[in-house]
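Below you'll find a set of structures to go through.
What follows is a pair of complexes built around chain A, which joins chain B in one and chain C in the other.
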Partner chain A sequence: MVSTALPDSRWIARGEERTSLPRFLFWLAPWAVLLALGVYAAGLCLYYGLNQTNMDNRFAFGLWIFLDLGIIALGAGAFFTGFLVYILKRAELRPILNASVVVGFICYSGAVAILGIDVGQPLRFWFTFWHPNTHSMLTEVTFCISCYLTVLCLEYIPILLRNRQLRKLPSFLVFEHQLHKLVPVLAAVGTLLSFFHQGSLGGLYGVLRGRPFAFRQGFFIWPSTFFLFILSAIATGPSFLMLITATAEKVTGKKLVPYDVLRRLGFISGVLLGIYVAAKSIDTLIWLNFTSPSEGFAGWQYYMYKPFGTPILFAEIVLFGLLPAFLLTFRRTAAHRGWLLAAAFLACAGVLMNRFVLTVQTLALPTLPFDEFLQYTPSWQEVASFGGVIAYGVIIFSLSYRYLPLFAHSKGDDAHVPGH
Partner chain B sequence: MFPGIDGFHWTVGHVVFLALFFAVALTVITTVASAAWRTAKDFRDHRAFELCWKDDFSALPSADRRCRHELAGRVISRTCDHEFDCRTCTNYQQFAVLPATGFAHDLGLEYPADRLYHRGHTWVKPAEDGTVTIGLDALADHVIGDPDSVEMPAVGDSVDVHQTIWRIKKNGYVVSVRAPLEGTALSIGNRENRWTLQVRPRLDLQDPHTLRHLLRGPEVHGWVSRELERLQVQLRPRDTAATLADGGVLIRGLMDALPNSNWDTVLADTFLEV
Partner chain C sequence: MSARYGMVIDLDRCTGCGSCMVACASENNVPALPHATARTGITPMLVRRVSNGHEGVQRREAFIPILCMHCEEETPCVHVCPQQAVEVDAATGIVMQMPQRCLGCRYCMTACPYHARYFNWSDPKWPKGMETTLNPGVATRMRGVVEKCNLCHARLHSAQEKAAAAGKREIDPADYVPACVEACPTAAIQFGNLADANDPVTRESRSPNTFRLLAKIGTEPKIYYKSKEAWVRALAEPNSAATGTLSASSSASLEAHHG
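Right after this comes the complex of A and B.
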């Protein structure tokens, strides 16, 4: 016969072609092993404490915080796409909206999970709300991330309820319909929350007066890193979304969204990246020439410790900033899929490098005359937890792709997007 | 942070932060509560099933959403934009007056002219006492054959148009058959009378609009012809191109005859399942 039904075909949207269940499980298997290892490592950290890591009182931010900052920045595609579609009415980005929500959900839930291990005592999570440190930017970050994860869950629910079997329950379908009508409100709230927590994550470094490598001056109570983090997140979020979509297209062998959507995302990403690079360059010049000298440090001092030489600054601003910004916005390169995706990759690598520099380089550099250059290598538990979050993301995205309508126009007919 | 906790002070910063935090929390809670309340209201006002059908309809492939006038050959191509509800379609009359140009040939299936048909493969036969009889049409009967079991509404149950009226189990598949009109079940059939239902329609049968959404005459022929073509393509042997039939009629009990076909897709297409 033409084809036989998959064992789980009743859960797959009508008309969608998916790989066989054994093949899908074969794809998931290594990720499940990695996730299991991550859960085991996280369990060790929670049971025995942070002595399972290679962090200490001086090197208190490590791989986990780098991961948190990185995926929160890359996950900004969720709120920013919602903002573009619902607030700025850029309807052409609708085909990628559901995928952006799932990517955002994965990024933020992964970040919160890692924070839960890093902070320790997860059963006392409510302390941060009830006994907050009112002088810490992390308090604002905690509040905003918690609220935004709630918002992302609520945005994920309508997508979940569109599963072929779940939508057969009238109450679910009607609730999904009604909730979907209110999603613009959630998108607006998500934008507000994201704006503040992305900024505060950057502001957190900018206020470290005892760490002159990170310390910045700024506007009112906000150091310049507050604004740079927001800019870099909204610049690279769409690029990450583009990369995820392209990867999904490669893995599944299907065209999931029209190329114009990727180009549009690329253009938005490129323009914002250009603005970010300009702002970052100005900020770096001000910091090197005014802020740092006023704290008693010459600029060259920061770059005399290998591997954190000046090439890392060059890479951050030019290789991972200016170059992808140019490739994403220049019409001829953006028309070429390879260049577009390479540029998106560079942009994402750039934001990760920025978070790495601010997290690791800041702590590694000596600040007092008797300080030494600190070295830190993550323990296997840290690496495994890190890998566990990556595996969690792949599994959730794979399951969502298989059973939920992630990409609205992948069927190839003119059926419009339900509920939109 | 909160009043009464850990040395809280009424400062501008605290007030602004608390106001923002509670505004956000309140907005999120209100949004969810509002969605839940609207859902309950939709069920109370009997709008829920209409919303479900609208949503299902929009998710159907365009091939399943052809206008009845295209099926009858009155227009070359037209996609229904009214969820198959011709009762409220303002364009209905404009096309209905055009001559049907569809070519009629023998379908090999019995579609009596005294009945009206729903796209979900059910028929409706009005009776003089103001009730209607509802049954599964010939194509559906030939596809399913003898069901393993059938779930039907109980006597007195309310039936909503386009919502599930029968749940038929066959070879491990569950087929949800959509109701052709709204009403109240008066009596339910059994295996002998092919599970037919007698229903008292919610709307007045004397009103010509009440059954206007159901197919009739040349529309039925055009529709069933397309359905047969679809079946032929979907049930063709593996690794063969679509070919024209060289005659013959559909056998009854296709699900038994071709157990390895992709019945999930075939049944979804046949019974307008999303």
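Right after this comes the complex of A and C.
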């Protein structure tokens, strides 16, 4: 249906085709229900306390931290695309620049919202700024994520202000124009902040001397996981962006970006993934042969508990690392859309598995000689809260797609894109 | 002069009665939570039962009280706390937790290899009338913050006040004894100043029969264990064949305390 016939057509960019409003609302309805359930579950946790979760004194971190680390890694496509376009001048990636900002905004704001429920005293969040412990990786994470979320908001505002109705307000137009001039600077600042907090998230576990499964030696104050997290995030961020774009194309039934853009994202992702797999393999060998034995822990100890046997290590490095790296970079497989997207999916699954291993397996494994292997199953409140964040992401992305110029390839939008 | 308070716990004497756990909970106003489990309850002192992993006549068992080890080097919890809610008191060597500054992020709990830190998952509650029995020298902790053993710091304050009233700069060691040490019926727990070479605890800590848990990770814990049994001393090694659970007596003590 052509947008001029729609009740909300005056909010949709001129010449753009969007589905009917009832159909759009029908699409949003189940996500709105999931969001409402998530808000209810989060409300229970805030009102009654974290006894609503299945975390305990031994499993002090659970589903939320794993998924927070996961979506922040996947959201790395936002800063990395900005870095590639504005700093490395890869103009061919401009068509997905706006979408990358929205995906990044969703991932980071969602992660911060979940962290707000996960801490026992959320009203004390400002204590970290007031009494910062400069030795703590979590302090660095808090500072960088807060600053980077602000940067993402500043990057999202110009996209918002290019809505057809908002552009009619002269002051908004001027503001958007001025803010747009700042975007390259914001991209550079965002890159710096992101490099640090992606690394610090890896450092969170890498510095844990008391958890030999996670503890790593490193360079200066940074454990090796600091660098591995940066590498894995910038390797899989573009793959996630590719998956989101392909999903949007499937749902809308439209070609939103040229296939070459997806291929380019895939190639970048594949090359970086290959470097990551090599670095991760070397790190694993050093850890198993030197770091861990020096603390009195033999490597085999970590892999004697099901389901965390050696297959999980093999899967992480080969199945979800080496294989997608090959598929994304090999010309013949990358030319095939199905292989390209399957490889992107494997890469994203790999980074999630890495975050799972580092957060959940670390806590499940014994440290004292008389400890038992622990199990933990998240409560429905934990699952629903995170389901709410996913629903929030889908709703924000859907609204952004309908009313904002997300993909510069489509008609009638991004005037700043060269060649369009 | 700075002190380094620590303990030597004689595992051959420990009967696993759980008196230390009850005394600790009572002294430190640990709430009595009816739904608390072994993994969600607050037990700054926790007696665990360990065995040599054998069955039948070869089976040997021991009880091992686990509390904050008051690590001295690269103290894991102090390093990771984002807002300086944990610190090592330079005057005493005690690892202090400030619940009033705690964000409740639980990063310190993840960092602690001894699982000696506890989160307040629920609002603190006591059976009706029991509030009147709370220790006025110890503040109760609110929901959403972490707590742990602070070697009965309130008792140290009392000892310091007593010394000050008498015009002394140093406390009388007899005036500062943690509740668990006082309550142990077999005198298995010895407490003292490891910085004082003449302190019996310092001498005991150097005995060939003493060991520390996870000493190889290099955090220099100040809680020492002692046993004549070689398999018990092997607990110092992470890959010891020993197995362990919460002791039956400890569980009973927990249940008794939590009502």
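Rule of thumb we're sticking to: the second predicted complex is superposed on the first by the 406 of 420 C-alpha atoms of A that agree within 3 Å, B and C clash if a C-alpha of one lies under 4 Å from a C-alpha of the other, contacts with A are read in each partner's own complex, and residues count from 1 in each chain.
By our rule, a residue touches a chain if its C-beta (ideal position, glycine included) is under 8 Å from a C-beta of that chain, and two chains touch if they have at least 3 such contacts.
These figures come from a predicted structure and were not determined experimentally.
Looking at the shared chain after the overlay, A:L182 reaches chain B, while chain C stays out of its contact range. Contacts of A:G296 after superposition on the shared chain: chain C is touched, whereas chain B is not.
Once the two complexes are overlaid on the shared chain, A:T310 sits clear of chain B and of chain C alike. With both structures placed on the common chain, the touch criterion links A:P369 to chain C but leaves chain B unconnected. Of the two partner chains, chain B is the only one touched by A:C147; chain C is not.
By the touch criterion stated above, A:Q165 is placed in contact with neither chain B nor chain C. When both complexes are overlaid on chain A, the residue A:T139 reaches chain B and chain C alike.
In the superposition on chain A, contact is made by A:A60 with chain C only, not with chain B. Look at A:Q121: by the touch rule set out above, it reaches chain C but stays clear of chain B.
The contact surfaces that chain B and chain C form on chain A in the two complexes overlap at residues 130-132, 139.
By the touch criterion given at the top, residues 35, 37, 39-41, 48, 50, 64, 66, 74, 76, 79-85, 101-107, 109-115, 117-123, 142-146, 213-214, 216-219, 234-235, 237-240, 242-245 of chain C touch chain A in their complex. The residues of chain B lying in touch with chain A in their complex are 1-2, 5-6, 14, 17, 21, 24-25, 27-28, 31-32, 34-36, 38-39, 42-43, 48-49, 51-52, 55, 58-63, 65, 79, 163, 176, 233-238, 258, 260-265, 268, 273-274. Residue ranges of chain A in contact with chain C, taken from their complex: 48-51, 55-61, 118-121, 124-125, 127-128, 130-133, 135-139, 142, 204, 207-212, 294-298, 301, 362-363, 367-372. For chain A in complex with chain B, the residues that touch the partner chain are 1-6, 9-10, 13-15, 129-132, 134, 139-140, 143, 147, 150-151, 154, 164, 167-168, 170-171, 173-175, 177-179, 181-182, 185-186, 189, 192-193, 411, 413-416, 418-419.
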